[in-house]
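For reference, the structure is listed below as structure tokens.
Naming follows writing order (A, B, C and D), and every chain is counted from residue 1.
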């Protein structure tokens, strides 16, 4: 059932490992089939060496396991909360990657200091508030989803496809599981460069907004002209054919 | 004799190398057979390229070599002291991994700044005092074990399965040699992130205690629900089956 | 058409990846055939795994695609501006490599702190000014070329074969695409060491000018005696034959 | 001629690359046959990919090439000066490895902050003075050797088998080319940890001298008991056989 989705989610999980974002059994990626309301997600605590596509667990939006011999990732309720709140999202990746996690632990948003950031995130990468003791006790993983959604009250999820959970680490998403992983790769690079930039210049200022918008839009806007697949690029525009 | 234990210890030593925690001939892992009172440990100063499972040296709890053509690790007396004091420990790993060693050299405990830390260590990773000149002269490696045990007077070794020896480096342990190595991998990641977190926010505060406990217990407590093997998870709890 | 140039440019792009300077689809290298006035450049947004030499796009100095099924890199107008202004340049590499980009984001030139730097760059690596909102709107990528050329008004491009675009990242060049990539490799190492040097000594001073010149000239001057190919080394000079 | 020495020197050069200490064509290792007064050294500016053992150049102690089709490393006069001044040295390695070079650029000695350092260097790793403009002009590479020897006026070269050339980088040595490379590997690790230690504790103090001596001597002293080959270990000493 949903073998194609399981395969995509499996590959995205392996890419998370391949890019050096996870160690041991940390990290998880999921993907959703919106028509069926079912997500495929990494099993909990299974090693990357032994994991195969059929090991992905199928779960419905109430958190009930639909298929699979393993328990799903313990972060499954967080994924579900995001799929419910962000309709355009098709894949979610969570890794304790070093530098993005450092910002999450610091409870500091990642400022937009350059065009690498702007190529992926249309503004600073936001950080949630800390959960209260009461929320942790009530339903920890689901409430983690709640504070992320709360933080995005005035943000467009697909324009800022990442968040830092205070004291925990980043969660990234995208239209597909593969895109979620790519956003995590970019986030980690951007976080590391932000720390090194501050070492090179402790009084560095944010990238001017007009440069931020330009880079985000040349890659993601309706008239994007980065990459190959956007049909909206006018043929007369040099250097595109 | 004890070939299965030697194999486990050999693999754990190779994993220490594979995870980038050691260079040259640094580092050593041991494992114990409690019923026989014998430990298997890496030979001293032998290169990882040439080492094989039969090269592991068998030593009793008085430090006498029981079997093996090589001299055991010069840190053997430290391992023995820990096995004697910590009955639940089945494996010990020692590596001069970069960031954990930086904290040991700094003689600073590693504060718990996030859930990655809390997933493995139920509080800050403690640091020993420095040995006195007299202690170093008397019996250096055994006394190193003594100050570790002294530091754990009010700590549960399997809840905080790592220590920093001041001016030296970390020692990690676990129920098995493999678990000791996994704890070293986690410790190194946690140490690096602690330094980067302080660069991102020099006034960062420790993770709230209720979050620290939650993460430690969801993975290690009697009602743990991370991973696959804990039988104590109630079947009704979503998203576990 | 120009298969040899495409092959060189393809290999240089792959080397950029191999040296860890790029992730995902970031980065691009081009090379020029001066006699034909045509450059070969990486296609936009194509993955390194799938890219082959015939995928390189041929573009003329007006930015018109001469051959190729893909759109050329969106940074093509920047490359063209540099080829037009710097006649000795045969290859250009652009990567968002971590530490050089940190300096670009910091809008700080990379000071010459040691002989590794002096072996490649005859002085500090300069940084451009920021583009104005008006310039970004008018013709972003071409104007990026303009501010680089502006910054080199009193610099010799082949003596300082790199620049930092403020808020963006480095661009390197050389007599060939391969040399442009080697300069990027050296720049990244030099940038990382500059940050670590400042951590080791926050009041570090620039390398004395006489040492800077000596190192640059022993490798690049008319009487260079580093490497094998310079014919100008006097035979009597020991230790060269 | 001297094929065995060439083979050793070749392998040591390749190990320098394998351990990530050099990039591009940076770095060089030599070894000496004391009975013949001839050293084998890496050719200048030749890539590691193409280099083979027969490419090593044989040079006498006056710097005259005895055999080889390539020019020897441009740093050959520095190597010769060290072989002449330090009779016990059999191999020399020079790499612009990142963190050791950062200290050299900072013109700061590497303090002994822990036992990893003490396992290899019997005290801080010293830094030379800067060469004067006059010395650079007169005979740069040979004078580099002179200031190293000057710095070791009151140091035993085989107890502190490394030096930092101010503004340049480290040079390491040992009884063999392989040992010189191992010392470079250890130096780089020690340098990186020194920087990270200062981040973890800006007011860190040097390792107590009694711990420094203990570690150096248990590995290198007449009664060393680290490793397998020292015959001086008393048989009665536990845990050695």
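Rule of thumb we're sticking to: contacts are C-beta pairs under 8 Å (C-beta built on N, C-alpha and C of every residue); 3 or more make two chains touch, one makes a residue touch a chain.
Please read all numbers here as calculations on a predicted model, not as lab measurements.
Asker: Give me the rotation angle that lays the C-alpha atoms of subunit A onto its copy subunit C, rounded to the nearest 5 degrees.
Answerer: Rounded to 5 degrees, the superposing rotation is 90 degrees.
Asker: At the place where copies subunit A and subunit B touch, is the share of residue numbers found on both sides over half (same) or under half (different)?
Answerer: Result for this pair: different.
Asker: List the centre-to-centre spacing of subunit B and subunit D in whole Å, with centres computed as mean CA coordinates.
Answerer: Here the centre of subunit D sits 32 Å away from the centre of subunit B.
Asker: Using mean CA coordinates as chain centres, what's the gap between subunit B and subunit C in Å?
Answerer: One centre to the other, that is 46 Å.
Asker: Check each residue of subunit A and list the ones that touch at least two other chains.
Answerer: Subunit A, residues with two or more chain partners: 194, 198-199.
Asker: Given which chains touch which, is the overall layout a line, a ring, a star, complete, or other?
Answerer: Topology of the interface graph: a ring, with each chain touching two neighbours.
Asker: Run through the chains and report each pair that touches.
Answerer: Here the touching chain pairs work out to A-B, A-C, B-D, C-D.
Asker: Touching residues of subunit C toward subunit A in the complex: what are they?
Answerer: So the residues of subunit C touching subunit A come out as 23-26, 43-46, 59, 62-65, 70-72, 74, 76-77, 96, 98-99, 101-108, 130-131, 133, 136-137, 140, 167-169, 194-195, 198-199.
Asker: Touching subunit A in the complex: which residues of subunit B?
Answerer: 19, 113-116, 182, 185-186, 189, 192-194, 196-201, 204, 207-208, 210-211, 214, 218, 225-228, 233, 238-241
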